[in-house]
Amino acid sequence: MARIPSTSRRALLFGTAAVSAGALMTACTSNEPTNQEQAADNAPVADDKPGKAVTIGFAGPQADHGWLNAINDNAKSRAKKYSDVTLEITEGSNDIAQQIGQIQTLINKKVDVLVILPADGKALTQVGLQAMRAGIPVVNLDRVFASPQAYRCWIGGDNYGMGLNAGHYIGERLKDMPNAKVVELAGLDNLELTRQRTKGFDDALKNYPNIKKVARQAAEFTVESGQAKMAQLLQAQSQFDALWNHDDDQGVGALRAIDQAGRDDFLMVGGAGAKSAMDAIKADNSVLKATVLYPPTMAASAIDLARGLGQGKGVGGLAEFEIPSSLTLYSAVVTKDNVDQYLPTGFS
Amino acid sequence: MTQPATAAQKEAPTSATKSTGGQEGSRRLGLRWDMRSLSLLAVLAVLVAVGGITAPDEFLATSNLQLVLTQASVIGVVTVGMTFVITSGGIDLSVGAIVALASVWATTVATQEFGFAGILFTAVIVGVGCGLVNGLLIAYGRMVPFIATLAMLASARGLALQITDGSTQIVTVGSVLDLGARDAYVLGIPPLVLIFAAVTVIGWLLLNRTTFGRRTVAVGGNAEAARLAGIDVRRQRLYLYLLSGLCCGIAAFMLIVLAGSGQNTNGNLYELDAIAAAIIGGTLLSGGRGTILGSVLGVLVFTTITNIFALNNLETAVQQIAKGAIIVAAVLVQRRSMHGDA
Amino acid sequence: MAPQPPLLTMSGITKSFPGVRALDGVDLEVQAGEVHCLLGQNGAGKSTLIKVLAGAHQPDSGEITWRGEPVTLGSPIAAMRLGIATIYQELDLIEGLSVAENVFLGHEPTSAGFVVRGSAARTATARILQRLGHAEIDPARLVGDLSAAQQQIVSMARALSHDVRLIVMDEPSAALDPEEVDNLFRIVGDLTADGVAVIYISHRLEEIRRIGERVTVLKEGRSVAGGLPAESTPTQEVVALMTGRNVEYVFPERPEAGFAAGREPVLKVEGLTRRGEFAPVDLELRPGEIVGLAGLVGSGRSEILETVYGARKPDGGRVLVDGTPLRPGSVRAAVRAGIGLAPEERKAQALLMLESVSSNVSVSTLSRFARAGWLDRRTERAAAHQAVRELSLRPDNPDAAIRTLSGGNQQKAVLARWLLRGCKVLLLDEPTRGVDIGARAELYAVIRRLADDGLAVLLVSSEVPEVLGLADRVLVLREGSVVHTADARELDEHRVLDLVMEGSLTP
C-alpha cells in the first residue's frame, strides 16, 4: 500500500512538470521537429543528432495484451530512429525466474543502459540492484521496483491519475444533472493498479455531490469478460448516466454488450487509449465519448531517457543537467476535440 | 451362426411386444441417472428464489432470462463436449485454449474476407483439428489425457498469441455481428441460445440413444471389459476428443458473435468451468456415467450465481468465495440424493 | 506341551461375502516356536483366513485367543501390535520407496515425534537384512530395482522390524529358486529357535515335510484336520483330506467319448507361444466339445486363453477359426471370427458395474441393434432379455443393475453376451470363481447345454474336479507346458494333482 501515497504525492508534485513533460512526449511521438530551442542553453541535451554509440538492453513481459505489444513496438521503432542506438531486446516473459535470467544475461553482455519493464516490480528488484551495482544505469518502466536504489530513473503511467481524470471528466459533463448515476467497469481486481484507478475515480467524484456511483463490477481486461460483465451491469442498472471502463480492450466487449442491449442513454469513458476506442471517439457514433490515456509511448520515452543516460545528457525542455529520477506521465483525456493528435499513439 | 443366437434374434420382436410397455423408458438406468441430476433443479430453484427476492425487478425480467441463457450458451456447448470426454474416463484440459485459438484464427483479416461462412468454417475446422491431435496422441500415442491435453492447452494458447500478437481482432463482418443483435432473436430467443439448445439435444440423444453413447459409457465404466467385449476402445477415444474439439469450435464461433471480436485471452479457464459444471451435474469424474442434462443444469447454476451477484453489485472476492461454497454444497446435496437412491 | 497355553487359537471362525461362504467354521491352534503348515486347494479359504489373522477381514463369528487371552483383531495395526506379521503372496511393497523406508513404513524411527531419522532406519534395516543372510541388499536402494526374490526378503525384513511373535507366510517359495528356498528355510529355523511361530502356506508337500511340524488342512472353508504331524502323515491321507467332498458337484451328463471326432475343428491353435509364459501349445476344438486346461496358478493356463483371444500378443504360432488364421494380438479379430471370452476377473475384465444387465449383455452386439448409429433400444432390450432367459438368469429383468446380481448370475450375463453375439467358440476362465456351490451345478448345466447346441468350449479352472467333471478332454499344464492330454474320464483328481504338483505325490 506504500505506493498509493507516493504515487498520489508524485501526481501532485509533478502536476505541472508532468503536464509539460506530457506535452513534450506528445510532441516527440507526433514526430514534429522538437522544440529544442526552448531548452536551457547550458545543459547538454539529447537530440536527434548522432552521438556516442549506446547499447540499450530491453527486457519486458510477454506481449499477450495489446498495450504490452504496443510497448515493444514503441521501444523498437524509437531505437531504430537513432543511428547511435543498438537495442538488445529479450524475448518477453511472464515468468519471473526467466526474466531475471534474461536481465542477468544483458548485464553480462555489458550493455550500456537497461530498460526494464518487470513482470513483477517487487520480485525483480534484486536484479535491478545487481545491474545498478554493476554500473549499468536502469530505466525502470512503469511497474516500479521496490527500492529506488534499483533504478536510475523511473518512468511510468499514473493509475491513480487515470481514475482521477476519468472522474473529473465525467463530473464536469454531469455537474448540472441532479442525482446523476455512474457505473464503473473495473479491470482485474487482483491487481493493485485496478484498486488505484478505482480510488482515483472515487476521489474525483467526491467533488461532485450530485453524482453517485451505483455499481461496480470487475472484468479481466479481456473482451470476453468485458462483454459478460457489462451485459450483467446493464441488466442490473436499467438507467444510469455515465460509465467508466478501466481498459479499452475489455471495452470492445463492453461496447458489444451495450450494442446488443440497445442502450445509448449514457456516456462512456474508456481507459488506456486503444486505437479502436479512439476511432470510435472520432466517429462519435457510439456511447464512447472519451478515453483516459495510459500511454504506451512511455516505452519510446524510456529509450530516449536511456540514450540520454548513455550519452551523459539531460532532457530537453528542462533546466536540469541530469535526467530526473522519476517521471510520471499524465493521463490525458482523449475526446473528439483532441483525438486526431493522439490517434497515432493508439494501439490495437 | 449357431442356433441359440438365431433363436434369440427370431424371438426378439415377439418378446419385445410382450414385455415392453410404457414403463420401459423410465426404468432405464440412463434416464434414472438423469433424474438424479435433477436434484440440481432444487439448487437452481433456491437460486431463482434468492435472485427474485434480492433483485425482483431486474432478475425476473425476460431480458434477464435471455441474458443468463446467452451467457450460459458458450460455456454450455463446451461442457457438452467435456461431458462426453469425462464419461469415457478422460479429461480435456485444452478446451479453453482451443476456443481461444479457433476464435482468433477465425477472425484474422484474411479469414474475415470470406465472410460469415469463412469465420464459421474456420472456427469449426480449427476446433476439430485440435481435437484430432488430442485424440491421436491419447488413443494411438498412448498418452495420458491429462498430459496430452495440457500440452495442447499450452501450444494452442501460444499459437493464438502468435496469431494475434496480443491485439484484439475486431470482427467487421456484419452478418456475424447481426447474429448477436436483438433483431436476430427468434420468438424472443437469442440465436446463440438456440445453438446451445440444439447442441444439448443432439448431445443427449448421442449419449443416450446411440451406439456411440453406449460405447462411451462402456469405455469409461471399464475400458478393459470394453476391449475384451470387442469394442475398439482406441477409435472410440479418438472420436471423443474430436467431438470435444468440435464443440470448442462451435463455442468459438458463438464467442465471436457474442464479443464481436477474437482475442487470444478468450476462453480463459473454460476447462475448469466446464469440468466443474459436468461434475456438479452428476457426471462421474472417474468415468462410466454421464448426464448431459446435469451438465447443462450445472452451467445454468454457475451462470445464475454470477448473474445474481452482478445484479446485487457484489465484489469479485465475495463472488469467488460464494462460488466455491456453492460447488461444495451442490455436490453434497447430489451425493445425499444418490445415496438415498442406492 | 501342555503347561503353556498355545500362542494362538482360532475356533469356529466363519466369514461370508455376498454369495460366498468363504470360511465355514475353521479351527486352528499354533504353538510358540513351531512351523504350522496350512494346506488346501484353491478356494479352500486359506487367503481369507490369513486376512482375518492380519486384521484385514473381520470374522462373522468365532473366537480368537492370543496367549490365552481372547482378542479381537479389529485392524491390521491391532494385529501388528500383538506381534502378528503377514507376508502376502502378492508383495505389498511400495516400489518408489527405498528398502529401509518400506521396512519401517508406518513405524519410522523419529525425532521429536515426526522428524524421520533416515539413517537410524537404514542402520536398523541393515541389521535385519544381515540376520536374514542378505547383507548385500542396500537399505537405500529403491525396492522397484530389486529382484522378486530380494523383494521377498524385504517383505520378511518388514515383518521382523516389529516385535513379532507370529509370522504368516503365504506361498513364500513360489517366486524363489532352490538356493533361495534353502536360505528361506534357514531363516525360518532361526526364527522358530527364537520362539517365533510361523504359519507356512505352500502347495509343495515336500517343503512341508522338510520344515513343518504340524499341518492343518482346509477344505471348502472348513478345517477338516488339525495338528497332523507334518513328517509322518501319509501323502494319500493328506490328499484325501484336501479333495474329499461333502457336497458333491452335480455335473451334467456328457456325450460318449469321441462323439465329436468326425466334426471339423472350429478352433485350431498351432504352436502358440509367449516367452516366459507358456511353451508352444497345439490345440483343436470341435463343435459341441468342452476342453479343459488344468494347472496351478502360474502354469500359463489363463495366459493361453487370453492369447487365443488376442488380448495378449503371441511370440509365435497362430490361431485359426474355421481354417482361417486370425490377426495375432487383436481382440476385435477374434470376436469378429466368433470367439467369446468370459474372463477370470469378472468385475474388472467383463462387467460394466454401473450398468444394467441388458447393457452388459448387448455391449458386444450393439451395431446389430442400430441403424446409422441410432439404437433401437426396444429390440436391444428384448434380445438381451431373450438371451438372459435362455440361461435362466435371476432376476428375470434385463433392467436390473448388474451389481445387484449374485456371482453366478453375473457370470450368466457374461455368457448371455456371447450367446447373443452368436459366437462359435467360448473361452471360460475360472467360470465358477465367486459362485456359490449351489449355483455352480446350474452354471455347469448351462455350459454343457451351450456345447450341445454346437458351441466349442475351452475351459480353464484351478479346481481340478470342475475340469474333470465338466470337460470332455483335459490338457494338464505345468509351468507353461502341456504335460499330459487325456479324455477326462480317464483321469482322476489324484492323478491330476500329482501331475501339476511336479510329481511330488508319489503314491
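Each chain carries a letter (A, B and C) given by its place in the written order, and its residues are counted from 1.
We take it that contacts are C-beta pairs under 8 Å (C-beta built on N, C-alpha and C of every residue); 3 or more make two chains touch, one makes a residue touch a chain.
From a predicted model like this one, the values you see are computed outputs, not experimental measurements.
Centrality by Cα centroid goes to chain B.
The most distant chain from chain B is C, comparing centres defined as mean Cα coordinates. One finds 44 Å separating the Cα centroids of chain B and chain C.
Between chain A and chain C the centroid-to-centroid distance comes to 73 Å (mean Cα coordinates, whole Å). Chain A and chain B have CA centres that are 40 Å apart. Remark: chain C residues 309, 311, 331-332, 334-336, 341, 343, 348-356, 359, 362-364, 366-367, 369-370, 373-375, 377-379, 381-383, 385-387, 390, 399, 401, 417, 419-424, 450, 453-455 touch chain B in the complex. The part of chain A that touches chain B in the complex is made up of residues 62-66, 68-69, 189, 214-218, 220-229, 231-233, 235-236, 238, 249, 252-253, 255-256, 259-262, 274, 276, 347-348.
Residues 55, 57-58, 61, 63-64, 67, 70-71, 161, 165-168, 170, 180-182, 255, 258-261, 263-268, 306-307, 310-313, 315-317 of chain B are the ones that touch chain A when the two sit in their complex. Of all the residues in chain B, the ones that touch chain C in their complex are 1-9, 11-13, 15-16, 19-20, 24, 27-29, 209-212, 214-215, 217-218, 221-222, 224-232, 284, 288-289.
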